[in-house]
Amino acid sequence: MRVSKAPQRAYQICSRCVMDTSDPWIVFDCQGRCNHCTDFLERRLSVTAYSTTDKIPSNSDGPEHLWSSIPRNRGLHDVVVGVSGGVDSTSVALLAQKAGLRVLAVHLDNGWDTPIALQNVLQLASLPGITYEAEVLNWNRFKAVQRAFIAAGVPDIELPTDIAIQAALHRAAVRHGIRTILSGGNIANEGILPVCWMYNPRDSLYAESILHKAGLPPSFYAPLKFGFRQELRCRLKHRIRTLYPLNQIRFSKDNARQHLSSAIGWQSYGGKHCESTYTRFCQLIYQPRRHGIDYRRSHLSADICLHQVTRSQALDVLARPAWNDLDVDYDVAFVARKLDFSADQLQTAMASPPCWYIDFPNRQSLLGAAYNSFRILTGRRKASNF
Amino acid sequence: MLQPRLIPVLLVDGQLQLVKTTGFSERHYLGDPLNAAYVFSAFEVDELLVLDIDASTQGRSIPLPFVAALARFTSVPLTVGGGITSLEQIHDLLALGVEKVALSAVLSRSFSFLQQAADRFGSSTISVIVNVRSLGEGPALAWFGRPDAAGAGPGQPLAQLVLASQQAGAGEVVIQAADRDGQRHGYPVAMLAELNRELTIPLVALGGCGSHGHMAELLQATPISGVAAGSLFVYAPGTHQVLLHYPPSHHWLQQHLPALQECWRCV
Amino acid sequence: MSLSVAIVDYGTGNIASLEMALRAVGAEPEVVRQPADLASADAVILPGVGHFGPASADLYGSGLAQELCHRAAAGLPLLGICLGFQLLTTASEEAPSAVGLGLMPLSSQRLRPHNTHLHKVPHLGWNTLEPASGSSRLLQGITPEQQLFYFANAYAIAPDPRLPSIQVTYSHETPCLALVEHGLICGVQFHPEKSRSQGLQLLRNFLALAAECC
């Protein structure tokens, strides 16, 4: 019976936001407020437009100063944007296009696309000034990697996709000689996210040890890999940088949904990140069942800090199970079949003791130091989790 | 009135990888066929045609567990094919939840198998795929089995082969224009129109479609029963980049249907 | 409490899709091969594909035909789909020496359109229904624009205006029966289990009809 090295905690929930001991490393102050909302309010928001009371451009215009800082390329495209069909990436692509930038929209096909997401990508791909490219992962190999992560028992079963996206975007940037990647990532929605819920995708040692435990060779990870060394090479040799335009406006997902719908016929699908069947499975079924993690806590806590929702309203939302509107049996059957599990095998895996990133070899302290040094040297502030 | 069917075609290889062919030689990797089937099912396609293109050369038929997954996770009418050679295989495939099976290679060795299958299972469940070389001079030559030129013998005149299939109880014939595969230059309209006049069973066109314009050309010329395509539905329009889609084509057809049906009444 | 729906297996064709569709609308289908298996059924469905001759022989050989007629007379709701619809009638040209259940005074003939350029046989694909003559229970909640269903048939049943039943037709050069409601005995020529949300709605409507009789 596998025992994780994660700390065993008595249940406690933050008195200010709704993060709780489903992050086993959560720290509470004497007033019961957690490190997540404290860090969010005191440090994370400082890189966003929420930190100032200056006039902020509206959702639909985007940050002028940001666009003017992006070099126009001699090649065919000025920026690379990773597009999933979701509201964040679609917003970024559209803002860039509207600002007159020539956009290379790259979609990572990891075998889990949903029809609505694909329709949204098609709408985007049809716009002038946007060129579409697809990077299709080798499914037979990728599913082996996903199986390995489920077998490992860790919550970050989405890590292979997340890192594959980074690898694909940087490859596209290098291939086309583009120096700017625009990310739909934004602190307002993702600024509260425990490291243990989604460990650093850049830590190749972690991912490779999980694959090694499952008996997979490193070659299975190679096409997905984007580690610190690769990132350094992209930044220093190819001078590629990633910008986060949505941090420069007071990005509201609800407003964005409405705007995208009327501008390009964008369609919503309900639920966060459900442009991918696997993401839906991960956040609404797998993580709750195996680790007691309710992913909604993270963005609800950010919403509380930004006064977009009250703590009481957030608790009401959390009172309804994340999987309430799903046909759980169908989703589990589909995911199982895709990953070559029987439904029973997948259920058994989900009922097995949870593990966390610390149960596997990783370079957390080394990478933390490396990234901190990098920030000190370049004067950048920490804009993401790593 | 019965509407023409718009049919995406999914090709899977020996490792159950979704591929798109050009000239039936080059293979472009497209991803996971089960997810593609699920997506097209959610798009509510008229029918989905799934073919295992390595089955007959590898001496096997399209794998049953794979077809079981297709049937389990889709709800659209399904036709599957690839290396089918026995009545037991047809029985097992239909029992999994498939509407029709597609026969081809077996008929070049044993044409009488067609009549046996139609008699046992009903012609509505039996689809026949006929390859044809349509470009260049001389009469169109047709053959069963692998569509690439290397596998083809001298071939028979198209009409002769297709009428024989009709006579033997085929429920429909899919004409695959082997030399137009992946080219996106259009269907062999004149050939298909002429054939459609002679046939009493449904005809489906496959091979060459790259745009709605190509579909329009064909449908205006003849009241063909089905328009099948691979490239059109798997690539972003005008590109070689994977992006599964269907609704725009469906809407296009629905918009043009009344005019087409009027046109056909006079044909 | 979900309804007990029996699907009759007469050794031909595709039951799997029908089972899935019934589960999708909340029923718990059971596949039935012997008369005794019908005892607990609240409703029975005769499924879609195959040959009239062997299917009829199987039904009579197992005793299911007799039991179905007996239960139907006692008010058991029946839905015949495609071949199943034809089996509810008296006979089919497909197998002249075989008999149907005779629960509807109709029979099937091979489709023989004159204009074979325009109208092919089998009738394969999506076709629309002509407006319902009366108020069809099975089509409740399905708007005229949505009345598009998937067909795969070489044989058809001609409408009979003398019958008091609800009859809805499709056109394949001539009008043919798409749907009949003969009291609690219903038949559809098309495949509701493959006909999108409108097909599922039709199955739901049949189950609602059956539930009222329980």
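Read from first to last, the chains carry the letters A, B and C; within each, the first residue is number 1.
Everything below uses one rule, namely that contacts are C-beta pairs under 8 Å (C-beta built on N, C-alpha and C of every residue); 3 or more make two chains touch, one makes a residue touch a chain.
These numbers were taken from a predicted model, which means no experiment stands behind them.
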(message) Taking the touch definition from the header, please name the shape of the chain graph: line, ring, star, complete or other.
(response) line
(message) Which chain is most central here if centres come from C-alpha coordinates alone?
(response) B
(request) Please compute the C-alpha centroid of chain B, do the same for chain C, then give the distance between them in whole Å. (result) 28
(message) Can you compute the centre-to-centre distance for chain A and chain B, using the mean CA position of each chain? Integer Å is fine.
(response) 40
(request) Calculate how many whole Å lie between the centre of chain A and the centre of chain C, each centre taken as the average of the chain's C-alpha atoms. (result) 50
(message) Quick check: what residues of chain B touch more than one other chain, meaning two or more?
(response) 72
(request) Send over the residues of chain C in touch with two or more other chains. (result) none
(message) Using the touch definition from the top, list the residues of chain B that touch chain A in their complex.
(response) 15-17, 29-32, 34-35, 38-39, 42-43, 69, 72-73, 236-237, 239, 241-245, 247-248
(request) Name, in rising order, each residue of chain A that touches chain B in their complex. (result) 107, 109, 111-115, 118-119, 121-122, 125-126, 132-134, 136-140, 143, 277, 333-334, 337-338
(message) Which stretch or stretches of chain C touch chain B in the complex?
(response) 12-17, 20-21, 24, 49-51, 83, 116-128, 148, 150-154, 171-172, 191, 193-194, 196
(request) Flag every residue of chain B that touches chain C in the complex, lowest number first. (result) 1-5, 44, 46-47, 71-72, 75-77, 94-100, 119-125, 171-172, 196-197, 199-203, 223, 225-226, 264-265, 267
